[in-house]
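What follows is chain A paired twice: with chain B in the first complex and chain C in the second.
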Partner chain A sequence: MSMFRSKKLDIGCFTNIKIIRDHSKRKAFEAAEPERQALRYVIRNTTLPARTRAIAQLQLTQMHCYTRPTQIRNRCVLGGKARGVLRAFKMTRYNFRMEALAGNLPGVKKASW
Partner chain B sequence: MSVPRARLLALMKAQCDVFSTTYNPEGIRTGNKILRQRLKGPSLAAYYPKKMLKFRDFQEEFGQLELLIEDDAEIARLEHVAALKARGKGAPKKKSGPPDPTAGKKRK
Partner chain C sequence: MSSPRLLRPLRPFLQGQLPLRPAQIAIPRASTQLRMNATTSTDSKDAAEKSSSKNVSSSSGDPIITRLEELSTEPESKISRMPRSLEALYLQPLRREAEFGHPTCDLQLRSYSIRNLEFFCDFALRAAYYLNLAAFGPIPLPKKIERWTVPKSTFIFKKSQENFERITLRRLIQIKDGHPEAVQVWLAFLQKHAYYGIGMKANVWEFSKIDFAKDMERSTIEETKKLLESKWEHMGHSKKMSIEDMQEFMATERRKIAGGR
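Moving on to the complex of A and B:
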């Protein structure tokens, strides 16, 4: 959603619309996280009246989908791909192989046994 | 050897006092585990690398001090463009105004 997008590009990696969208979702989640956690606390607190908890449930489900952590997906910073991304290197397996063979990743070495 | 429940509860109470946690012998769900969680937002939002500082940003930042700041790559590019233009190989001029409506139609 364009209202979550920053007016000026603020990321320095490979950029396409999917990466920009994912970055917007990350920032939206960061901004809404305290509110989400407060609502989750109210929902899980069994000592509160049932009505309060039900209202909190409704409020949480009615928050914008960009503020949900499950919308966030790790993407490759070199190509934007979403599948086969190695979490430690933020890269797809192919890009990881190319970078590792080129010696751009400190401490990564080809092994065979 | 069994220990009476009252004594166990007293122990639990003392434990809670010492470690300043909530005394909850019935195990009621108070949702405190949500409050104990750390906020994940900052680390998630820092996934993609930040934008690098460009030469233009540097110029804008320090240009007002009237220092001599030259971008060698930009000067080289402008020279290249000027050389192309001198040979008549430059980029064509931009159109001004809307396109001619009859231009795209086929003539019979």
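Moving on to the complex of A and C:
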């Protein structure tokens, strides 16, 4: 959604629309996290009136989908691919292999044991 | 601080440019006459010896051997060695002894390369010695081995894969009975001269008197009360209740707990 997107490009890695979208989702989630947590707390708190909790439920469901943590997906910083991304390096398996063989990843060596 | 610089002071000796100065009489070890950097003194005997040794070396073409021969022929009383500070670089780092043995700082060093790690541990120990801190270690902690297996090629060629690994080596240096300020200075010094490819993590403990908490309370309790009063106003029931109100409130609470709305 364009309202979450920053006016100027604010990431330095490989960019395509999917990467930018994911980045804006991360930022939106970060901004809305306290609100989400507060609503979640209200919903789960059984000492509060049922009405308040129901309202909180509605409010939480009506929040924008970009503010949900489940919308965030790890993507490759070198190619934007979403599958086979190694968490430790933020890279897909192929890019990881290329970089590792080129010696760009500190400490990573070919293993044999 | 780079490692090749350590070798530099020895090079002139190895090349036979500077003669190893023999002592004429039994001079005390601490005397400046024995120091290697005193070779530029205007000693005619020495100069002559130097030139002769140079000639010898140039004719024979092997300065080290001639030097050694000369040394072997010289009597025992002739002592020669480097200045202590220079000599210390080639020996194990010196250590202070801990009086009480209370740990005050645990420094963990991590790296992927053993060479850098060992070198920097050595450096840290020496720095601790000169700061009058009792350092223990380096204790080798278990290696962290991370491994990744990735297909070499595209999806369908899953059969041919490649293994990669990253081994993190860890060392622990413990400071015992360190004065908190000295420990801070030590850590700051290590951070200032941080070596490439080495991560550092320190746990620092400070010891104080038993009634330290009481003192702290006395000094801060008034300030915190003032600060908190404004916050407490928003918490719980702000209005004052009469006894009747309170009884009614308790009754409703009991009803609620019993399941009534």
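Everything below uses one rule, namely that the second predicted complex is superposed on the first by the 113 of 113 C-alpha atoms of A that agree within 3 Å, B and C clash if a C-alpha of one lies under 4 Å from a C-alpha of the other, contacts with A are read in each partner's own complex, and residues count from 1 in each chain.
Assume contacts are C-beta pairs under 8 Å (C-beta built on N, C-alpha and C of every residue); 3 or more make two chains touch, one makes a residue touch a chain.
All values derive from a computational prediction rather than experimental measurement.
In the three-chain model built by superposing on chain A, chain B fits alongside chain C with no clash.
Contact with chain B, but none with chain C, is seen for A:26 once the two complexes are overlaid on the shared chain.
Within the superposed three-chain model, A:43 lies in touch with chain B and out of touch with chain C [touch as defined at top]. Of the two partner chains, neither chain B nor chain C is touched by A:62. After overlaying the two complexes on the shared chain, residue contacts for A:109 are found with chain C alone; chain B is out of touch.
In the superposition on chain A, contact is made by A:11 with chain B only, not with chain C. When chain B and chain C are set side by side, the one touching more residues of chain A is B.
Of the two partner chains placed around the shared chain by superposition, chain C is the only one that A:94 touches, whereas chain B remains out of contact. Taking the two complexes aligned on chain A, the least Cα distance separating chain B from chain C is 11 Å. The residues of chain A lying in touch with chain C in their complex are 86, 88, 93-94, 96-97, 100, 105-113. Listing the residues of chain C that touch chain A in their complex gives 112-113, 146-148, 150-152, 162-168, 197. Listed in rising order, the residues of chain B touching chain A in the complex are 28-31, 33-35, 37, 39-42, 44-45, 47-52. On the side of chain A, the complex with chain B involves touching residues 9-13, 19, 22-23, 26-27, 29-31, 33-34, 37, 40-47, 69, 72, 74, 77, 90.
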